[in-house]
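Lettered A, B, C, D, E, F, G and H in written order, each chain numbered from 1.
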């Protein structure tokens, strides 16, 4: 905020021509709760229109429990990703309303009924069977954030007729997430066929020169068909981003 | 397309219950013109709703001229990216209706008046002054595809008040493209502040351990704020993708 | 398929000058079975003349069992690669006709008698003793696909007389697969001596600057003797490719 | 060669039961001419059935001229790859029977009439227009070595109907070379559709995270469709290898 | 030491114009104790003004115990970093005055009361909750070396208001250590706001294209705000360096 | 800034208990001048106590001239780094008070007399003769920012007596910058001998596996002697940082 | 061997002017024993003057036992490196004359008395305590091959006086092996001080940006003091090479 | 040097039991001449027994001239490597006794007659014709340092009979330097055949995945035949090292 604007704003407050409420709003969406190890970003719902989600990797059970408690107290639902099975069970014991899904490795405390807020269908596609865990993280996240969400799995380029035979499903979608490992070619092929945004999620599926997904990621970044790319195995990020698009 | 469906379709055609036109449509958007060195994808406008654009790098003047001629004959406007100054001049001589812009390195044959087809504003942000050529490629492309487009340059994180002082511009946008080199931190910061899709374009600006933009690209892929990422210096791709989003 | 051809085909069907069967054939080899998690590509035998093989890595016991069941029901034999010992045992319990080979880590359900369909001998060479598991994956696959297959192990360049002393075996082969880790030099040396296609398979054998087989892979790609290269430890792919050549 | 065999061979020669000619043959194909800077491998035609080719990169005009002279004196035709235009002109002046092709950057001294020795068609496919120089190096080499050779250019995955619309050409081939840069996806797609060997040649076409063709190369090595891979821009090697296959 | 100076020094000693003590001092701070596996650098306190610290990784219990004994015998306090929990317990049994801290993975034998020798406050900042172990290694080390040390955790750029809301704490510090994983953007942002030295410590927190902290490290090295960088997870080094600065 | 604090501040302004001036100060140091291509950060002197410096790489003559004009108009001195000789000459023509130094590639508009504001000596050390340009960038910057600065060049570890023979110079320094390419060992050796902060600047000097300075940079990051590291060839950054330390 | 020479040799044998024994010698040192999984290179002692050593990594107990049996039957002593403790115990049970050393991870079957065949002293130096296992592999190998061998451990550059204080030991050596991890600077420093060959062995000791020893390896390859380099952790290779030098 | 020894030495000097000369000798070989930009290491001849050589890359004509003058004044011969042709000519003009060799890119001021100080033959081998410049740098250096030196060029593994046909030359050598680019396999093959030290010099010859010699370098480091490795294109270092060995 430049000096002149700030000066005008503060002078306005001093003069009474700008109310404190209105001035506050210029700085809005800045609330958080300080758990010391974590500063829970309750303001994100205001700033971004989507609540915070817990990234579980590298956090202890105690830390996650504190955060879940804080979010619940704030009236939020909870989605925690990258939760190992044993951690998931422990969370289910602590939070009986929660549920753990071991395919997507997500822990959730959700209201029964999803309110559909997305305008169209988010389609989650996987190239192979082994990419399903990443695809499911995207699927669960997309559902959590109120999108009608569909799946189409194991339609990679080695047998492209499996994709061609499902073009109806593909053509209905408003946003498409494609999870693919190995050579990561599927997002390019899909994006060449549709006119909606395609989000590529490279997966760590592969061996040798796949370098844990690096090859798939680089391939997507070099796509000749205009694909946006997320980090390796980042099903959550892709679905969060699909949500940002699907509510436009 | 699976066997049963195909069988049904062809049997329908045979029986007369499916017209050839309707069957054709199931395979629609497949036209192209074959210049031998290039197969110009006239069907893309049907398949994707956006016409083809010429990627100039590695193509000869003869090849580009052939393509421009083919597209013009097809009634399309022309946008050719990654055109060196000398190539640009030669194209201007061959196509007097064309125009070359040396900041963005684009050659264009466009109708006078842009029809605005995007629903909101696409904002192009650059972290530094040196990122401007990439940002301009995005800007030119976004305008070409019918988006109201604005710019905000040199607002990188070394002096974050320059961004904070322009939040009004930022808050108005429906899609935001952020071009940044060096440590590539700006897209994360912007995405933490807004609720619309942010597209990160790493640039090759930097030296030493920037590795020609690799560091910026990796940083964006690891963003804690959900940013979609394109290839290094790919201003065109980012704007094309912004267009796909902005017409939703 | 271009518009004109498609138009002609469909018009032919409508006119009765093209039969549905013949039209079907233009799209042939497109069958698959949808297990939801997996779309089993039964059409591959028609398209490529070789049936599908199960890549076991990253698949659950349940998923593999479903696929084996589907393939068996389709009358196919089964080869599943990258099966851990414990998974192999479980599959043997479920499919008593199956057999698990722990050196190559393959599970197979095969008819007793191999029909030899390859025209010549496929030779599998290993540079060292530690490369044998990869060589055996190639050997088992080559046998599965009907090739007369021979082995020559531990003839690496540190004692090149071991190779020179076996040139008869080498000279008889119609296709040669060479598995080598560390500096990956053996395929170059072999290819310098024979006039048949040599397929290099880098292995992850080595330590330090072998980077899990990367060095061997790069060395083969830079061979001065014309070697084709497959992914690290991809004994299966090499033998599948040898089969494609050996049946020509 | 093991001691016993060698002992037997030499004893046979001593005893007169093995002729010198026959013993020579056990060591055959070992001739070369020593130009000091270069040892021209005239024996390669015997060992491998294909004559040597000159790799021009990094050699001086004088060195190349010496080699061309040596090969011509030996009655061989000449193919020299990676020859810059200026070097090509100089060679044409020195060897008036030679011809320089600037698209493929090859210099050739060839007999008028090609003897077709390959059994089927070698098809050279390029993903984009910019990949043509590499594809042409493969095309020229394939023709040089006596293969009926066809081309199919600019059929990359961004508009896959361009490939689908040319399946007849593809289906006729006995060996297929696919040159592709950027994400390198085309060889996978082609290999998924045919039952003949597909040879992938990554090209250095691309920018940013294509890393001079590394991404395309890695993608091909990770193909889910069994593709053999050559070094970046190595059109020559791919065609040489296709020749080895096509004469089987 | 150049010949002339040395000559002068030795001649001085010979002449009696330079005392042995004074000559010794020219070579001072060179004492060590030889445990054979380790040469404990007791002279470091003289040379550098800070005592040696034990880097535990890769050392056996026996080796560490020997070193601790040697240092204690020399009257030094002990700080051993990178000590696994089981090793820490064993050390506590052997050295009852010692204490093990499992968050920072440090073992210490310290005098009760810290003497504050640093001139100002060292502030340890973490971008996320998962970066805390590295931040704590820095915190413990900073306290060990006599700095007044404060913490500010989980203030990363995804919610930059959490940092902005704690500027008082930030502004008070004389040296700031910032531990951040993923895109490693926080040190740049902090350094853009303050006029004191900021030390960036990339952490291995992240997944996929974070490459175990490499991305964060590269980002910090490319900072547009002048940040000094240490090795990934090197909380110790950062705090040791902060100590060197803070006592100036 | 958290909501409560902000609320209190604004309420204070409204109530008159907080003056606009005092509120302004809470947001101080936020001024910049908007040249559109560049937002000149005049507030940096307030925020950080050091004025902005122009990074010349990738900027046009026009852009740099605008910035120099803006800074001069603001009463600032000017230091522009990474200025090519031809650009430097052009700047000297435009700004007759300026001076270009071609060893360090810096352009400066400086007042005659340096005010020494640093408390001690900044020593700039180079490992080899070829590292001097980077060392000189550091030297010039250090002088520009008011440090007494000394040089010690070509004292690398291949002849370590050259360093040992200059320990007096080394021991006098309050901060030491060490520029080294190739194996980058010198900062470790220096830091093992002194008790003041050592700043390592890897240089791009070397060839082959130096990878443009990457090896030197990695070596410094792995120093066993606690060295802080800057980007390859970043002499400016090191000296800026030395200034931050030297004024403490 | 060129044709003429071979022709002459064979003709000589035929003529009786060359004896079979003498002809055999021209191909000498080519014996091996074929265990199928391994071809034991008994001829190496003749070709290279040093017997084969067993590289244990990746070999099964059965394979190693076969090799040990073969070598013992051939009258050779046995050295097997990279043997895990459990494998070592099993080998000791099978071969009661054998001995396992867990620091160097070597299994040996050796005659009681070493015959000293090396002409001078091989000195093994380690930079840190954690590098000792690699240094011990070198030490054990050097002793096995008949060198007088000495050790000097933990004399890294962080406290270079520990090296300077042991120059007598260093100056006595005829060949010096230096094992160092982290920044790998010690071989450069040692080689700057002596006139005998220094062999650098990078170790995998370190963390973060040491990349498992890659940084140390690259640093040694860029040494300004002429150091020869071996693979990461390759203590065996360094000592084998030292033996080749020390018997000259 | 440890305290006690130093104490003893200095006390000895004080007591007169140790002469200054003798004490000086304990610190001997430490002379250098300070040209400010360069500290010429005249003491190296004493410390290492071999005089300093000028590494030309990155040095200006003025700097090199100063060094040549200093070395000549000291009575040394001069070898300067990595000298571009234009620089070489300029040096020849300044130093009429000098000579420039453009194949090896070396400038020399040498006495007419070489004194042979090496005990045996140093053999320089190149894999291909393009590797000759690096091989020649090694050849020139080896001759400069008094070794009888021979060459064997273009004997790479694609036609291994060219090496086998020259085994006499190979077998005569006391030290062998092998320069090879591309897959870098030749040093392994050579080292498998001889019992003397083989020094591998990877060259930057190649393209694509040779990565400027990185692949060859990694291959040599992973050699199964015990090869010592130098930096890419470092012909000088290899020959310097060969000299250290050859005078033992």
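The rule we apply is simple: a residue touches a chain if its C-beta (ideal position, glycine included) is under 8 Å from a C-beta of that chain, and two chains touch if they have at least 3 such contacts.
Please read these numbers as outputs of a predicted model, since none were measured by experiment.
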Any chain touching subunit G and subunit H at once appears in the list C, D, E, F
Which chains, if any, touch subunit B and subunit C both?
A, D
Hey, which pair has more contacts between C-betas, A-D or F-H?
A-D
Separation of subunit D from subunit H, taking each centre as the mean of its C-alpha atoms, in whole Å
38
Subunit B to subunit G: how many Å between their CA centres?
58
Centroid from C-alpha atoms only, then distance subunit C to subunit E, rounded to Å. What do you get?
53
Per-residue multi-chain contacts in subunit B, two or more chains:
1-2, 30, 32, 158-159, 161, 164-165, 192-193, 208-210, 214, 217, 221-222, 231
Every touching pair of chains is listed here as A-B, A-C, A-D, A-E, A-F, B-C, B-D, B-E, B-F, C-D, C-G, C-H, D-G, D-H, E-F, E-G, E-H, F-G, F-H, G-H
Which residues of subunit B touch subunit F in the complex?
129-130, 132, 153-155, 158-159, 161-162, 164-165, 205, 207-210
Of subunit E, residues touching subunit B in the complex
127-128, 156-160, 182-185, 188-189, 191-193, 206, 208-211, 214-216, 218-225
Touching residues of subunit G toward subunit C in the complex: what are they?
29-30, 32, 36-39, 41, 43-44, 47, 55, 57-59, 63, 82, 202, 204, 212-214, 217, 231-234
Residues of subunit D touching subunit C in their complex?
1-2, 5, 47-50, 119-120, 161, 164-167, 174, 192-197, 199, 217, 221-222, 226, 228-231, 237, 240-241, 244-245, 248
Across the complex, what residues on subunit A touch subunit F?
1-3, 6-7, 10-11, 13-14, 16, 20, 23-24, 27, 30-32
